Amino acid sequence: MKFEPIPIRKGKAKPPAYKIMTAKEAITQFIHDGCYLGMSVSAAPAALIWEIVRQRDRIKNLSLSITSQIGMSSALIGSDLVNKVEMAYNWGGIEGEDKVFRRAVEKGIPRPLEVEDYSNYGCAMRWEAASMGLDFMPVKSQLGSDIIKYNPRIKVIDDPYTGKPVALVPASSPDVGIMHCARADEIGNVQCYGLYGNTDLLARASKKVIVSVEEIVTTAEIRRMPNLTVIPYYYVDAVVHAPFGAHWRESNYYYHHDLAYGLDAYRQFATKEGFDAWADKYIHGTKDWDEYCKLVGYDRLNRLRLSESKYQKFGEVR
Amino acid sequence: MKFEPIPIRKGKAKPPAYKIMTAKEAITQFIHDGCYLGMSVSAAPAALIWEIVRQRDRIKNLSLSITSQIGMSSALIGSDLVNKVEMAYNWGGIEGEDKVFRRAVEKGIPRPLEVEDYSNYGCAMRWEAASMGLDFMPVKSQLGSDIIKYNPRIKVIDDPYTGKPVALVPASSPDVGIMHCARADEIGNVQCYGLYGNTDLLARASKKVIVSVEEIVTTAEIRRMPNLTVIPYYYVDAVVHAPFGAHWRESNYYYHHDLAYGLDAYRQFATKEGFDAWADKYIHGTKDWDEYCKLVGYDRLNRLRLSESKYQKFGEVR
Amino acid sequence: MAEYAKDYSLPELMAASVAREINDGELCFIGVGMPLMAATIAKFTHAPNFNMMVEYGAVGPSPRRLPMCVDCAVNNERAYYTGSQREVMGAQQNGYVDAGCISGAQIDKYGNLNSTGIGEYPNLRVRLAGSGGANDIASSASRTIIMMRQDGRNFVNKLDYITSPGHLDGPGAREKAGLVGGGPHVVVTTMGVYRFDNETREMYLEKIHPGVKLEDIKRSIQWDLAVSPNLIETEPPTVEQVMVMRTLDPLKVYLGNGREVLAGDFEAFMKMFEDSYWPMTELMKSKGM
Amino acid sequence: MAEYAKDYSLPELMAASVAREINDGELCFIGVGMPLMAATIAKFTHAPNFNMMVEYGAVGPSPRRLPMCVDCAVNNERAYYTGSQREVMGAQQNGYVDAGCISGAQIDKYGNLNSTGIGEYPNLRVRLAGSGGANDIASSASRTIIMMRQDGRNFVNKLDYITSPGHLDGPGAREKAGLVGGGPHVVVTTMGVYRFDNETREMYLEKIHPGVKLEDIKRSIQWDLAVSPNLIETEPPTVEQVMVMRTLDPLKVYLGNGREVLAGDFEAFMKMFEDSYWPMTELMKSKGM
């Protein structure tokens, strides 16, 4: 025996330290070429995605881990940055057909896109597994469907307790997870209002986490209602202050989905030229999120905010 | 083809209907002899447990599914109602050694008690599995320990993705789950303040659910902050209004653990006679929770409440 | 008795028919698109105690605006619970959901649905949205309510891809596959209403929409469609149902060409939202919601 | 330099020694009993940015009252997160926890712990508490800090029951079993401080408490204890550490016979809680917490 103690092995917890950055700083620091990128849908991290697109000379190849995405992942796909997407849904919802996605899958424009299909719960359970340090999760969706037939990463086993078939999905642990939430303090305790989908799971599943928020608040404000903390500081690497940071999508209790914008964008996405023109104007034509908001118009964004608060405000019933 | 449509099969959701009952009514209606009973620890459902003990002529045999319990399950064990406990921990915490539990396991007094040991997370993952309709959950605790050696219901398999060993625990779905929470509306939407342990999982895992609460509130009050709803109405069968319903244990932001009472109770639990005298006085000697509170003293309970609010109040930072 | 509308469109008939499949007091999982609209109609007319679950984590909302997506801010409005997808999808897999409401691009006689693509997977001629939550609803809801366009090409003998399981290949197949939900219960299309026979699990025509000919329906379906001997005409929407639809969706975003109208017209969009607040709030109060 | 206390008890020395094992900025999972007390001392003295996780669902509290249990209301006090056990235990299994702090009734040279019972399982002569969260912490925390009474009978060659895995039977055993955490790092007892050799994974004596004789330590341990060639005396508690302990626990509930004093004495209990508010709040402010 050499009487040398076992060296201290640190856990994965991020420190309770100052984490506020600009989107540019956060994307520059954490997202690299070849990144396996996880993206939340509720709320959509538009400000962060736009910044990735702005850095396309540096970040050329991404694989995406999503559950569902509505238009936002198409900003990356249409910008020629994505090789593969692991997903349940990539489409327009009320905005309709996603021509950017179709062009990529059907015609390889701007580049071929490999799709790995799951159900929504199947995708979510992949993050769930990773969020608990597990390598798989059992799930009873997808059984009997062609999702399993064509996706060899989903395994069907006989449940060791009941003997009945059950599907297993492999953990998905993105290199970086990006998400948009209501508010955070400077050390990265993040709170959400209303539904947040699987943002909680994505933050826990990802190796690095960038959160954009509507508001930066004091730690005392976080402590007022610690039950609202959806992502504690130890998961978070960077907090980006991005008011209206989910536009054209919604941010619960802050502002509503800008359907008029979304439908117009989708109309432009119908052709590659249309998409490029849209991206040139709204993403490359603006140097940061504030400039994007100015281009869209803060008057317009404020109208969306007022419309939302007519119907609901967190802490009140309207 | 007979042109007879597939009959409508209802889901397990409990209706959004009036669910307020007294503890006596709820226990009478839902807990039967031979019941497989799940109990939360945070907060402890003391008012409900006392009522079960009062009905011991009818409810003679229980199996318990718990994670940890501190004294409260001993009220049932000491009252000769329990044949088996599936558990991680049954002891006094700061109150120390649980002599009731020891007498039952070591000497079969008042009756033999079978113990099925898991870790805390192992137990919780059993409820987690049931909460999602799964028959098992993978867990990386318990590996290498004698918990697995002596508990044949825990299976160790080679993870189909990594080849590494992983433990599986079987789902636990209690016939009835009982728990104590902060507040609920009349249809059973339940909100919690502060930590709530695995109360969320127990409610989802159990076939029938009885929740006692500090406060009954309007549905509008629930809607003010829907993110605080830990147990939506569809899991809940009965809501029991039981202020101070966790005494001698704590109810976060309402009142603190009454350590002086707990230590004194444990001192009495040192002998069977002592336990019986305690139960005769505090449980059988009172007809309901309000009488128990009077016996303990509302002045004392209010002191515990004031002491708690000196340190913290939900929605403020003190 | 409810008063029927005299003036209504085919999409309105369809939405009203789907709304009627939802019973008061039920808990239903609502998928993206028209199902959200139909569920909102049900809530504000005959089923005020019906509660919807939407897959990104809301339970029991009363949307007084056009619900646009399953992650839409509207889904928080007056909800009992908001939070995680895990909660609502876990509850569904745990058997809590009475019914789920979904749609698809192709369907076969067992109610299996394709929303993944047309062609040979993965080399699809037309790539579609993918499952989203549809597979999960189809797998685990106690019954599913399906909404479909019926365009002459999408009621097929064999799907290009089974995204969402119906009764698979017939009686017992779901159980054998390990599926916990009951599978398809009804299909509401632009032409009629179909149910599934309890014995054979095959779709049959139960109701035909006013003005639609049976021979046109049969021609639009690849297999030899079974038709109920008690075939009846679909009940028209009520005045109240139509009022709700037109208040929520005056520009026919769901129920017509409203998307073309709204694309780029922010003022029209804002007006639609601003105008629906009072009538929907009054209706809500009158229903005791 | 910190000023050392001149007057302190053995339990105070032990609590202070455990507190010192916690580094500022760390995230540690704290088990029931004395570990809660030691963690609170750390937070209010040298490690204000250390955050504790307690197993019933709280992160980052600053308890200004005696923390009594892992589900205690005190654990919510000024916490960053409160909610589910699933969150904190999931984070631990996911490798987020720097250290976990636990205790047990029996220990062997590899730091395996028994808190289940004495005798042959399941026919135990003495039934103990069971694992609680100890097994989970021992399985998955990046390192564990163990607190033990050393009573002459509980440092054994072979445990009656391995509740919480230490280094099992030596190098590589944890990895082979599939355990994700790093296992025991230090053992603080009533007699000394022990660490585990990086090569053999066996416990060795690193520090001896003031006034304790090495031969008494050796006699209280069943195996042939390895003793560091650089054996030193345990550092006494600081004045500040002792002040925190005595403010939180003036009646020596953790650190003496306070449980006997308090049993049935509600007024004494209330006074203890009332008295600790101001000094602890002032201390909190002075640390910028």
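For clarity, chains are labelled A, B, C and D in written order, and residue numbers in each chain start from 1.
The rule is simple: a contact is a pair of C-beta atoms (placed from the backbone, for glycine too) under 8 Å apart; a residue touches a chain by one contact, two chains touch by 3 or more.
What you see is a predicted model, and the numbers here were worked out from it, not measured in a lab.
Note on connectivity: the fewest chain-to-chain touch steps from chain A to chain B number 1. Distance between chain centres (mean CA atoms), chain B to chain D: 27 Å. In terms of their C-alpha centroids, the spacing between chain B and chain C amounts to 39 Å.
Centre to centre, using the average C-alpha position, chain C and chain D are separated by 56 Å.
Touching two or more other chains at once are residues 133-134, 139-140, 164, 166, 193-194, 223, 226-227, 317 of chain A.
Touching two or more other chains at once are residues 58, 76, 78-79, 82-83, 93, 140, 180 of chain C.
Those chain pairs judged to touch are A-B, A-C, A-D, B-C, B-D. Only residues 1-13, 15-17, 130-134, 189, 204, 219, 222-223, 226-227, 229, 232-235 of chain A touch chain D when the two sit together in their complex.
Within the complex formed with chain A, the residues of chain D that make contact are 25-27, 49, 51, 58-60, 76, 78-83, 87, 90-91, 93-99, 140-143, 180, 182-183, 185-186, 195-202, 204, 206, 226, 228-230. Considering their complex, residues 133-140, 155, 157, 159-162, 164, 166, 168, 170-171, 192-194, 220, 223-228, 314-317 of chain A touch chain B. Residues 32-33, 54-58, 64-65, 68-79, 82-86, 89, 92-93, 116-117, 121-122, 124-136, 139-140, 159, 161-165, 168, 173-174, 177-180, 253-254, 259, 262-266, 268-270, 273-274, 277 of chain C are the ones touching chain A in the complex. Residue ranges of chain A in contact with chain C, taken from their complex: 41-43, 67-68, 70, 87-91, 93-96, 98, 101-102, 105-106, 114-115, 117-122, 124, 128, 139-147, 149-150, 156, 164-167, 193-198, 200-201, 249-253, 255-261, 263-264, 266-267, 300, 303, 307-308, 310-312, 317.
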